[in-house]
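Paired with chain B in one complex and with chain C in the other, chain A is shared by the two complexes that follow.
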Partner chain A sequence: MTPGKRDFRALIVAAGLAALFVVLFLHLEAQWAIALLALGLVLGLYFAVRAGLLARVQAAASHHPRAAIAINTIAGIAIIAVLREEHFALLMLATVCLFVTVCLGLTIQFGYAGIVNFSGIAFFGIGAYTTAVLTAHSAIPHLLIIIVSGLVSGLIGSLLILPMLRTRGHYAALVTIAFGILFRTFLEVNDTLGGPQGLKVEGMRILGWSLNDNISLGPLGTVSFYASYAMLALFVAAAAFTLIKRLERSWIGLNLDAVRTDETAAASFGIDVPRWKIFAFTAGNCLAGVAGAIYAMMSGYIAPASFNFGDSLLLVSIVLLGGSGSALGVLPAALLVVVLPEKLQIIQEYRLLLFAVLVILILRFRPDGLLPRTMREYLPGWGRK
Partner chain B sequence: MNFKFVALIATFATLVFAGCSSEKEAVKIAFIGPLTGGVSANGLGGRNSADLAVRLRNADSKYTYELVALDDECKPNIGVQVATKAAADNDIIAGVTHYCSAVAMGTVDVYHRFGLPVIVWGAVLPEITYGNDYKEVHRVNGTMINQNEVAAQFMIEQGYKTWVIIHDTTDYGKGHNRYFSKSLVAQGGQIIGTFGVSADQQDFNAELTKVKQLNPEVIYFGGLAPTGVRLRSQMEKLGINAVFQGTSGIVSDAFIEGLGPLSEGVLAFREGAPLEKLPGGQQFTSKYQSQDYGEPPEAYGAFAFAAADLIIDAIEEVGPDRSAVMQQLNSTRDHESIVGLITFDDRGQNTVAVITRYVIQDGKWVVWDDSEYAQGTRKLPRS
Partner chain C sequence: MDFGLVAQYLLNGIVLGVIYSMVAAGFTLFFGVLNVIKFSHGDVVMAGAFTALAAFAGLELLDAGVGMFAALIITVAGIVAMATLGAVLARMLILPLRNAPPLNTLLITLMFGLALRESVRLFYPNGSNPKPFPQLLPDLSMTFGNLALRLDSVLLIIVGLGAIVGVHLLIQRTRIGLAVRAVAQDPETARIMGINFERVVLLTFALGSGLAALAGITNGLYYSEVNFGMGLLLGVIGFSAAVVGGLGSIYGAIIGGFLFAGLQTIGAVWFAVPAYKDVFAFGCIIVLMAWKPTGLLAERSSERV
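This part shows the complex of A and B:
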């Protein structure tokens, strides 16, 4: 077997196993089954790391970046196909995909350019509110609205550029925290945007086809309307993933890394530091806005209470849990942070406590995150024996 | 030997399964409320009360009821998630749902889409039942419109003339501000200042310094207990001598615990008659205490109990079928419950909304008419 074929086989097996895990994780309800699954995951990962299987998969993915993304997207479609009748599981899956998109945006900001953003959920919210207003008061096609919402997020984010460029480190973080709180307070006192009660958002329509209708397959049963949203969210997440993987490997990524590691050194080598900071910040916010737009149409209702400072922290924790700057790490981290609190509903008021303990434990044993960012590779398959 | 062991297990398993099938059919009811976060006291009290209804009824019912409690965190997005979870689960026949108004507003569409009949047990925003035409949505507690009409009328009768309104900027606080201001002005009261504060604000010195200059007779507070506790204690520090008039959101034991003696003479208004005045109230309190729940039922526990009880009545009557239960609930007229008679109008709103006036006396919420304030032995400030 040629090395190329072995790579593909490794990728397909890994994607298949991951998909199986996601399906089981979303589908299972019994507590013992979830506990067993979590244990299986930890043991499986442990032995995969010990046997060097994970490293092999990662090497294969870096050798064939396009194939890796294609195989994973197909795996995602397979998950949706398996869960086609499960409304709740699909809602969670779509939410995970959208959170992945936002966190990939944060990865550009935080992981690459080193800009701390504690108001991620505010930009998500700007996208959601833009969508709510545009669907209600304009005839712009809904697919276009998603893009416009992303741009509006980037535009409003540019208000922060000046203070962000003049501050550094903790002070820059403070600027974003202030903006997040400002955003929420603004929504609460602003009655034209629904005030604290929030706004209803129309479901999405593409060329007259409403995504809010279940799809009937005749004798094969019906497909939940959430499947359409999950599919859309999956494609958006896959596109965002492709984008930032390409970005990482390009000269843009190289510049961003230089800016993060040492601003002074970067500047003395002729890199325009403010320019790259503005680029990373705006690009990240646009991704957040796009995700927010789809989320608003999917959940059908948005209110300021959904865009708390705590939610921004959750986004940051997904990025850190996955491994700062690691696009791949965002996937398991988002799955964990979004779905686990839902799965722990049975222990009710103690679930957030347990969830927090779990996050601390993971970081205790994997301080660089679940899947830390690997060494930069200048060429596909760099350093391969 | 091995074979015998397997056979033994198989026999045992058969017996167990046979035993199960001869039992009553299991029926699930969802409870959704804030089990974590700032208003979790009310959510936990509501959950325990709904759970109590299920436990009591399971003793002699056609079906075995099981309560599935879910946490909405008082956030609309989480609310939509758990509502979808409950509504998409075909084993769940009906739901006792939501304390927070914004969450209920976001989830009614979900219930309508999936055809899950629900009874709201705590959220007071009028639009939840009146803002849509969904047959699935019902509510046992009254709305903030009724509450504020009574509140305004009562305070005018006591002879007060000037108010300052402080409300939190959530839907709850803003709604109360809107409806109270409307009723008060219509009945001749004068509002000399209105302040919106955020629900998690810690320091009210800026607002209260202005209030001190305005010197109102009454401070009306539209918001929940944690904010109310901070506001009332900071009022004292600035030496503001005014009546503290609250809304249903502060009627909880946590409010009194947070303030201690400072809570004396605080007024509040709430839908529904007090427990001890109701035929089933005494029984509810004693049964609740006998179950060893960690938390008190809080102000809306009785509503959650009544809602769960009403659902169980409907299921006993028509069987575990969502649309039949929904129709049964829609036709509820003069149904006896521990919160008084329940009659749903064509929007599913309970129209028999009794509003009770409360005053805190010696660290307890006392019904106004029974208090020493009403008898004249104690006096509110400035009356």
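This part shows the complex of A and C:
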């Protein structure tokens, strides 16, 4: 078999296994099965990394980036097709995709450029609120609103650029924490934006087709309307993933890495440090805003209570759980963090506690996360036996 | 606005300032010795108040739950418990991560704070609701026009300021304090000079956490209520105060604490909707950070290349 064919086979097997896992995880109801699956995911990833299987798949993906993304998108569509009638499972899936998008934004920010952002959920919220206001008070097409919401998030984020650029480390962390709390409090006391009750958001319509209607397939049954949103969220997440991977491979990614590892050295090599920090911060916030916009349309209702400081911590935890700077790691981490507490009812009440303990253990004993970031491989097969 | 009302706002601002300064002093101490931010600090404040509350329940069983003596006992109980917790936390979570990226330390303490908060909510009897905090200080007040000068506020201010000054003297004037300052300046050299690095770190964390417990109890006595979520905002405010004042300096913590309390008070007077006071205060903090990136009293060596 030629190496190319073997690469494809590895990719397809990996995507198939992942899809099978996601379907089982979202579909099964038995508590013991879910606990077993979650444990299996963590252990499986651990041994896949140890045994080098994952490196094999990642190498294959970096040799054939387009094929990798296509195969994974097909796997995603297959998941949605299998779960087409289950509202809750699809809602979970869509939420996971949106969280993946936000966390990929955060990956640009502190995985690559090293900018800490503890107000991720605030930028998500800005996107959601922009969408709520625009759908209610303007006739802009809804697909355009998603993009505008992303831009508004980036724009409002630029208010923080000056304090972010002048501060470093812990001081920069404070700026974003203060912003996150300020945002939440502002929403609660601002009556035009609905105060603590929040706002209703119209469902999405594309060219007169409302995404909030179930789709009837005649004898084949009906498709849950969440399937449309899951599809949309999947495409956005796939686009974000492609963007991140391309970014990492490009000169931009190299510059961002240089800025993170040593600002002084980067500056002395002629890298414009402020420029790349602004770029990373704004790009990350735009992604968060886009995800927030879709989230608002999907849930139909937004309130300040969904944009807590604690939720920002959740986002940061996903990124670190997956492995800082590892785009691939975001996927299993988001799946675990978002879905596990919803599915495991035994732990529902104790979920935050268990989850906090879990992250403490990971940071203490496996600080690189589930899937540590790998080196770039510019020349396929170079250095490989 | 008449004099009495102004004085009332001022008094309220001073009590808040004392509480914030105590929390900020903890952040400054930890940052001074280990260069870490311990984000569970706010929840330690909360846990201190709840420990005191539990101690009070114990005293009531013994029919001793009244008066200043009870106040003293529950305060000591809270401080001792939190000081122990602080030392254990430093030993188990913070020292092992010394060589990891600072973000990891920040996150592990954030998560520890979350665990602490959730534990209180889930395991303290009826912990998810606000709990009344016993009024143990003498209920005397003097009225000057519109100003009701409560004796308990004055006592709280005196005790709080006394604690901060005490910690400051401990750091500046004693042999232990000398060891702490040596470690803060250069851990390696301090070790060569025969200072027990680990013991100094544990001591500092115990000290800061004890101060946090005192802040929590002060907060409880002043507002007569505690709840499991109060630590988050208090922690962030304490951190803001420490950073705006300049991390690593006790004076900075005091300045920052009173500055934040002042901003909140101004915000409360200025806006018709009092809830805007936090928006105003945090907005000012962001502007201040842009103007003075390392705080009002800058660290002497903030850059290490």
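Convention: the second predicted complex is superposed on the first by the 356 of 385 C-alpha atoms of A that agree within 3 Å, B and C clash if a C-alpha of one lies under 4 Å from a C-alpha of the other, contacts with A are read in each partner's own complex, and residues count from 1 in each chain.
The criterion applied here is as follows: a contact is a pair of C-beta atoms (placed from the backbone, for glycine too) under 8 Å apart; a residue touches a chain by one contact, two chains touch by 3 or more.
Source: prediction; values computed, not measured.
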item	value
Partners on chain A (chain B, chain C) - clash or fit	clash
Which superposed partner A:52 touches (first chain B, second chain C, both, neither)	neither
First (chain B), second (chain C), both or neither touched by A:301	first
Touching partner for A:44 - first (chain B), second (chain C), both, neither	neither
Contact breadth on chain A, by residue count: chain C or chain B	C
Partner chain in contact with A:317 - chain B first, chain C second, else both or neither	second
Partner chain in contact with A:86 - chain B first, chain C second, else both or neither	first
Which of chain B and chain C A:189 touches, first, second, both or neither	both
Partner chain(s) touched by A:179 [first = chain B, second = chain C, both, neither]	second
Chain B versus chain C as contact partner of A:141, first or second or both or neither	neither
First, second, both or neither for A:167, with chain B first and chain C second	second
Intersection of chain A interface sets (partners chain B, chain C)	185, 188-189, 349, 352
Touching residues (chain side chain A, partner chain C) in the complex	110, 116, 160, 162-163, 166-171, 173-175, 177-179, 181-182, 185-186, 188-189, 264, 309-310, 313, 316-317, 320, 324, 349-350, 352-353, 356-357, 359-360, 363-364, 367
For the chain C and chain A complex, residues of the former touching the latter	31, 37, 93, 96-97, 100-104, 106-108, 110-112, 114-115, 118-119, 122, 232-233, 236, 239-240, 243, 247, 273, 275-276, 278-279, 282-283, 285-287, 289-290, 293-295, 305
Complex contact set, residues of chain A against chain B	86-88, 91-92, 95, 185, 188-189, 195-198, 200, 299-303, 305-306, 308, 342, 345, 348-349, 351-352
Of all residues in chain B, those that touch chain A in their complex	35-36, 40, 44, 47, 69-71, 74-78, 80-82, 84-85, 87-89, 101-103, 105-107, 109-110, 114, 125, 127, 169-174, 196, 198
